[in-house]
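Below: a set of structures, written as structure tokens.
What follows is a pair of complexes built around subunit A, which joins subunit B in one and subunit C in the other.
Presenting the complex of A and B:
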């Protein structure tokens, strides 16, 4: 999965474990996997049960599959609307993050000017502090800009708080673009901006994908910013929608479970379909920074 | 750059050496072009720099200053006022918000809870992550699948994970209820018991985040060269000795990184707690951020809430600097 192996590593050249060792390893792994998976599987199965069956039989397969629990949610406008809201907010966040951060990172990586290092450190301040430290002044600012209850009111703070990490990752990658390419381009009469557009960006697809994935996953799962900035339910992204739904149907656990399952389904499907990129993206964000 | 003396000697029109650039003799590679020469004499820049500086930097600077740096400063300023958020802040109270905070028992619970979360993350979650990473470094079938399964909770939204575990812990319908019934106890309401609710939350934290740290450790393990282990084998080292004296020291940078993420993540825990307990019962599971939300945001006490933000900010700074001093000495 992680293809970036350098030479012969520990895992590659070790001997296969003997029978007793293998038994110990597999037993441990299956126990941990069970602890991870049982809550998820019972949630998905619970959505197919009646409330009465949930009480007496939370673990096993449903005796009578209640497809209607899932179907009623799938045909409701509410479900699709909140997924649509989440998607819109995430796409806007990714687009703005990539545009703004790559331009700044390019300048910080390649142009020598007074204050370059100071500016880089300025952006790095954003890495250290959780968004919660400034959430109330942020609310006041968004309100004064008249952006409360709008998608942009959620997108702008999310982009701003992701800039530190994004600029750091992009700058480190941009700096490794070979010097010779640069010289060749300038000799042929290209300026910085053309170089950025025609050479740096096409060469940097892997890191742009990494930054994009991090921004997307964070935005898709984000809760506290939309919670504070949005008040009308038709603009709620899914983490807010799921909490509202749970509040409405709090005693009908079977419906809540079906709803949870359906809302995390897109994440699970995309995760298993693109697992290589997602794992690499989310951990590279930590390792390369 | 335009003031370079070399420009006069090689006007742009007569740039035949430019076209011949790839075929130059390799001995003196960079002298063929006045532009490259100009670059070398100007501190590393090629061509005009002001268009790129003027166009490319301001969007990021503006966004970052308006929505990150200024709000941080404003939090410090607002924390000195009693203010509902409407009109300008006028009721200056000095440090009274902080005094109230320190006297607030829910806030003290939040502080201890955050300390507990950090402790459990470091003492339980990281060893678990290390152990699973070591198990998965063996040459056995299915490691890729196990890795994905262990990483899955990290990808799920905190809110969804919190709701799923709210069901698991539910005293009437949940898995704990079934387990208690099976073992012959009466109904157990884990999340409603103020003495044990926080431990239930901690278990979910470990469940959700250990896979992320495991992935970091796996990446770190793969970067360790096998010759170290061959040398250790020649010296007759046991498995534990190899782990203690080869793996662990070489994994140092990864562990430090992991500690950093665990601490920062623990401090801002919010999304996971809200669906589980919302900070209750009777404030026993508050964290700094849920406290800020419950007592600052929902009641629009901007000054008081900002004071909580400032405390969080100071804790982050102090931890970042101690961390740098203690752990980054060697890097």
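Presenting the complex of A and C:
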């Protein structure tokens, strides 16, 4: 490959992988894709089967497509209410996570004060602390705050436990905003707050999207916190809704599978829509663009 | 518009002192260039004027008002950065309007001032573009536009041309100078390029290792450098500096360099017999002499570099490498020895110990 032939002809001159390498690449990609897709497809197809067929033929195509499984869920008010609850909790979680984490990350990235590093590491410790281990003290605290059986009782712990990761991602991004921009804005008459609002936030859209989506998916799939905090069924998000199909003696697995398929659909759609932002955000700052 | 007074300013980063008592008076409407090699503290001094660095000791006054503890926005200065520091997510218009918006200026006024600045800088057609859609020179102009719209007391430039290619740099140099003529605002301009300093400045401040070596207009610095550093720094190609001792006999004065080579001096030259000095002569101050004499010195030609309108010769005089520039089209060959006559009026003498200029 010569310097002069770069540019338009770059793609042609790149060496094509040999047969063995190609085989290796395709095999490994195929395996990874299978690990992701087989459960998804099995779940979606399982929703079209009867319980009996599910027992004898868990992986194949259904012999008789039971559209009613999906249809019954879609026309039930419960499904939409749970979806609405999940959405409300997730949106609140995303909003609060972004607001709190971005301000904290900005301070940790730009303001030098005593204990800056210590505070940062303290937040990072939160990454090693799964929410389930703290569920009892968390319950007591939420009870004392009189937030049991309310949306905020679910949202606040989720935000708190998401802060470590969010601050880490945001801070690394903010630190890569060129210093001169800050100085130029400073001379132009802005202080920290207006720099944050007018310069940092608009420039940080990719990482804000990433953090927002991570928080959204996390909240969407969250099971243990709503289970502990919520009592009334009309506030349940969808992961708790599955429990209705689990009786004392038998479980309607085909309905559970249909329900899961319908509820993960929104996250899959959101993920595909925002895919570009997520990848850009996760790798941002790794190399100088 | 205002004067800038820098009074005995010190700056230390931790225990490292980078400015050791700098004093400069900058007059209203003056274009002053701070020049020096990298690490001399010129950018630090500029950033202290802007308010981006704290002043360890001493005072800075803008328009007679002490600004030591004022934040940048209250100093009424505008700064142009080396890498432009344009806000990438704003259009050219928004970049230029940003400071006015922060100051809550009325919309109509913002519109008018940005339009006027854009006209001055030929940016009117680019107001809706983003910085990434502009060339280097255009971005540079936007950075200046951002400074102009504010109509500040002082413009601060921090090596604004060093990211541009050579041709554009010459063009922008002229534009900045023309802009200064038009706006008549006080300018403090930092560069490491002495050609930039010479061509643009009303006055030059030569800095080295955290102190001011000399302040003066370009011609003064060129003709009467105060010390060896300024002599070697100002001028391109650099002044030739040859060490030796003063010799005097029968009303004649010379500098005796290595191997007994005598470098001629004018009869009223300063310095005592035997004093260790450095003999300084600019490349263009050599003339070819038809034959050797008392006022000539032998030069052994090394490399000949014709540039078209002149010939640059790298040669040896008294074992020291020197550079000579001749405007005549001479047929010089390597290894050839010619007699050259230094123009005695433009020979500089410096004390070898202190580096200070010897004055008659």
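Basically, the second predicted complex is superposed on the first by the 189 of 289 C-alpha atoms of A that agree within 3 Å, B and C clash if a C-alpha of one lies under 4 Å from a C-alpha of the other, contacts with A are read in each partner's own complex, and residues count from 1 in each chain.
Criterion: a contact is a pair of C-beta atoms (placed from the backbone, for glycine too) under 8 Å apart; a residue touches a chain by one contact, two chains touch by 3 or more.
Since the model is a prediction, treat every value here as computed from it, not as a measurement.
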| item | value |
| --- | --- |
| Contacts of A:186 with subunit B and subunit C, given as first, second, both or neither | both |
| Which of subunit B and subunit C A:199 touches, first, second, both or neither | second |
| Touching partner for A:28 - first (subunit B), second (subunit C), both, neither | first |
| Which of subunit B and subunit C A:178 touches, first, second, both or neither | second |
| Partner contacting more residues of subunit A (subunit B vs subunit C) | B |
| A:75 touches, of subunit B and subunit C: first, second, both or neither? | neither |
| Subunit B versus subunit C as contact partner of A:20, first or second or both or neither | neither |
| First, second, both or neither for A:43, with subunit B first and subunit C second | first |
| Subunit B versus subunit C as contact partner of A:107, first or second or both or neither | first |
| Contacts of A:61 with subunit B and subunit C, given as first, second, both or neither | neither |
| Interface residues of subunit A shared between complexes with subunit B and subunit C | 183-184, 186-188, 191 |
| Complex contacts: residues of subunit B adjacent to subunit A | 18, 21-22, 30, 33, 35-36, 39, 43-49, 51-53, 55-57, 59-61, 63-64, 66-72, 74-75, 78, 85, 131-132, 135-140, 142, 144, 146-160, 163-168, 170, 172-175, 177-178, 207, 211-212, 215-216, 218-219, 221-226, 229, 247, 254, 257, 261, 264, 267-268, 270-271, 274-275, 288-289, 292-293, 296-297, 302, 305-306, 309-310, 312-313, 316-317, 320 |
| Parts of subunit A lying in touch with subunit C, wherever the complex brings them together | 178, 180-181, 183-191, 194, 198-199, 202-203 |
| Subunit C to subunit A touching residues, read off their complex | 50-52, 71-73, 77-79, 81-83, 85-89, 98-99, 102-103, 146, 150 |
| Subunit A residues within the subunit B interface of the complex | 1-2, 4-17, 21-22, 25-26, 28-29, 32-33, 35-40, 42-43, 46, 51, 54-55, 58-59, 99-101, 103-104, 106-107, 111-113, 119, 122-123, 125-126, 128-141, 143, 156-157, 159-161, 163-164, 167, 182-184, 186-188, 191-193, 196, 217, 220-221, 223-224, 228, 238-239, 242-243, 246, 253, 256-257, 260, 263-264, 267-268, 271-272, 275, 278-279, 282-283, 286-287 |
